[in-house]
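You will see chain A twice below: alongside chain B first, and alongside chain C after that.
Right after this comes the complex of A and B.
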């Protein structure tokens, strides 16, 4: 029997997920619209005062992006569970962790990347100084994959349950407190003209750790959730 | 020759044996908890002198600190039995982990509430975003997440395994809670009771504190055993030994 090489399988997996997402482009725009509307609500709620909005801009953008990602996380495995392709993936000869890593990457590209692209717009709406923008983008680039990876583990755990939306929020939000602290810390430090490399370095190290461990944990969690 | 200890531990892992064992031990644990707790409270509320700065208000420490220790201790027990449950697939370990979660959540809640009550007169605020307070709050959410995930599954054993996995992920928070006062120097005071080296607390106040700690441990064991017994009966409902118990209790 000829068995596809690991690299080929990875590429096929990534291509499949991206194609599926592209066929349903409407779903990609939903988190983006959600983030835009939530950000728009803050000036209404707090008053259009420039100095106040400037001070909270970094944190608001980070939390909004996090919540938008949370909304999209639920869908990471749901369609694959419905049509049974996830079970096929579990019994496939290729390492499950690697395949899931590809799925997480595809999910990050389709949900987090559009959010990062509009993040400058969101920050601009709240008058974040232009000089701080690169730091915010860097923080988002490091924090969003971390959230995708962590979220994937928890989504895999809830794969066998029916109503998982609120439960997922309850489980994920406490675990991403450190990511929010460091990302917002970097933005706040840059805004005050202080060195901002240290919190980003922490985020980066956490991300490296998560890239190595999260797919393995995700695979283990999926095996637990699917065996019945 | 002396391998009766491992043999006994292995035997204890089987549900009927543990059910009987827990049934014998539980009343003793509860009695000890009440006795030692009464002693500790008498020592703390009556015998211990008032604090030179906080007056009598400090006496809430005899509830607050033991609960805080227990909130971490119970999580550690839950994490360890989760590892045992996932690696060796021992049914009893799953039950212990899942039945520890509500008790730990209750201790965490008590810690937060008493801390809040203590904070109002001493710090002038119910709540502050201090490292220790925040990490303790995260601990509560982790407990609630474990409980929620456990109940989200229809199959209890599958739910227990999934929740056990979550408990293992969350164990990273326990050292953060413990060391938060050393790593971030914020409003919450550092630790005064030390396992190694002299504690920074007078003996008159220390002994009731340690006694209360012991009492909460006994209470935890009693409560855990009671919960585990109930859960084992529900889980093993179709087995012979449960039928036996149902029949003998029905005759009475």
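Right after this comes the complex of A and C.
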């Protein structure tokens, strides 16, 4: 009898979710197209004035990426709840928090990473100086996993409810305020030639905290959601 | 001379009951299940059979009474990997083939020695459908794909909620054969069903759900 090792199980989980996402690649492109179109609307609405667009570029890209991620967040556990995979995951002889951590990682890779890849394009459309681009990418690399982790806890909490999409947005957006402030603060500081490391360090510490705590909270919330 | 310890039952329920909004779903239940035993859970629709299964699987909490596993209070970490639950929702991903679904299940739960996924799928009657996405299979074939977990995964106690649903005659015989083989090698199983069980290894224990 071969008991499954934790590392094997983690790899199986990650591979499963990435393969599933790949089979439905159409769903991956949706948030990317959404972010592209929303960013395009700003020059139309505000006029093609360089200085104005430059000033708001960092903030617009951050908020757009955040909203695009919100679109895909709802689906994180829904199909697994519908087909009973989640029940099997809860019963499986593996630490549930770790398995959910893998799910969150897979979700981040499939939704946030494509958005980060096109972020330079989005920022370029708003005339963000090239020198600031690395800071924006760094801020996104720290802020998006934070949003995925916070989002996963809230998705787990609203798992049993119907039409949870709007409720999820209302709950998640206020929690995102600190992440947006620090990420946008770093980009703005870099744009003005000021030191930008401090806000990113804050973002990083929040991320470390979330990596440790969010999967545990997520596991507890899902157990409660199933126990009804 | 030391007294031979009497083997504690694998699973024991003492005055087990479950409350939903302060209403008991079923009357207090008492039963014992030893290794190598099969128990049938009988009751009308809505009598709480599925609820009982979900409690035993650890998905629902115990409202009152006690559950003991090998003589000690049942805790999630004590019986981890020993209980296999097959419910109404089969836990199969529609986009994956039976082979991929089994590979994931084995990755999570481990597998019995000397069994290949291809052999298990052939035994369960899915030869030729190994690589077809599960969403394109019929309800009976999906059920078989889920039942393949019973063959592949190591577990002592099987909790099968309506394992005969959607199955044809050979499928029903297959489930009976699986149960017999499992009991013969010292496993135990709890099965809810409305008849259809023909069990050759002696009369199974019956657990009546009272309203």
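Simple rule for what comes next: the second predicted complex is superposed on the first by the 226 of 228 C-alpha atoms of A that agree within 3 Å, B and C clash if a C-alpha of one lies under 4 Å from a C-alpha of the other, contacts with A are read in each partner's own complex, and residues count from 1 in each chain.
Please note the rule applied: a contact is a pair of C-beta atoms (placed from the backbone, for glycine too) under 8 Å apart; a residue touches a chain by one contact, two chains touch by 3 or more.
Since this is a predicted model, take the numbers as computed values, not measurements.
Student: With everything superposed onto chain A, say whether chain B and chain C fit together or clash.
Tutor: Superposition result for chain B and chain C: fit.
Student: Return first, second, both or neither, reflecting whether A:87 touches chain B, chain C, both chains, or no partner chain.
Tutor: second
Student: Once the shared chain is lined up, is A:4 touching chain B (first), chain C (second), both, or neither of them?
Tutor: It touches chain C, and chain B stays clear.
Student: Who does A:167 touch here: chain B (first), chain C (second), both, or neither?
Tutor: After superposition on chain A, A:167 lies in contact with chain B alone.
Student: Pick one for A:117: touches chain B only (first), chain C only (second), both, or neither.
Tutor: So A:117 meets neither chain B nor chain C here.
Student: For A:227, decide between first (touching chain B), second (touching chain C), both and neither.
Tutor: both
Student: Any idea whether chain B or chain C touches more of chain A?
Tutor: Of chain B and chain C, more residues of chain A lie in contact with C.
Student: For the superposed arrangement, I'd like the angle with vertex at the C-alpha centre of chain A and ends at chain B and chain C, nearest 10 degrees.
Tutor: 90
Student: I'd like to know which partner A:37 touches here: chain B for first, chain C for second, both or neither.
Tutor: In the superposition, A:37 touches no partner, neither chain B nor chain C.
Student: Look at the superposition and give the distance in whole angstrom between the closest pair of CA atoms, one from chain B and one from chain C.
Tutor: After superposing on chain A, chain B and chain C come no closer than 7 Å at C-alpha.
Student: Chain A residues touched by both chain B and chain C?
Tutor: 227
Student: Show which residues of chain C lie in contact with chain A when the two form their complex.
Tutor: 57-61, 80-81, 83-85, 87-96, 100, 103-113, 154
Student: Over in the complex, which chain A residues touch chain C? Could you list them?
Tutor: Of all residues in chain A, those touching chain C are 1-4, 8-9, 11-13, 16, 19-20, 23-24, 79, 82-85, 87-94, 99, 226-227.
Student: Looking at the complex, which residues from chain A come into contact with chain B?
Tutor: Against chain B, chain A makes touches at 153-154, 157-158, 160-161, 163-164, 167, 170-171, 173-175, 177, 217, 220-221, 224-225, 227-228.
Student: Which residues of chain B touch chain A once you look at their complex with the stated criterion?
Tutor: Touch list, chain B to chain A: 86, 134, 138, 141-142, 144-145, 148-149, 152-153, 155, 158, 161-162, 165-166, 169-170, 173.
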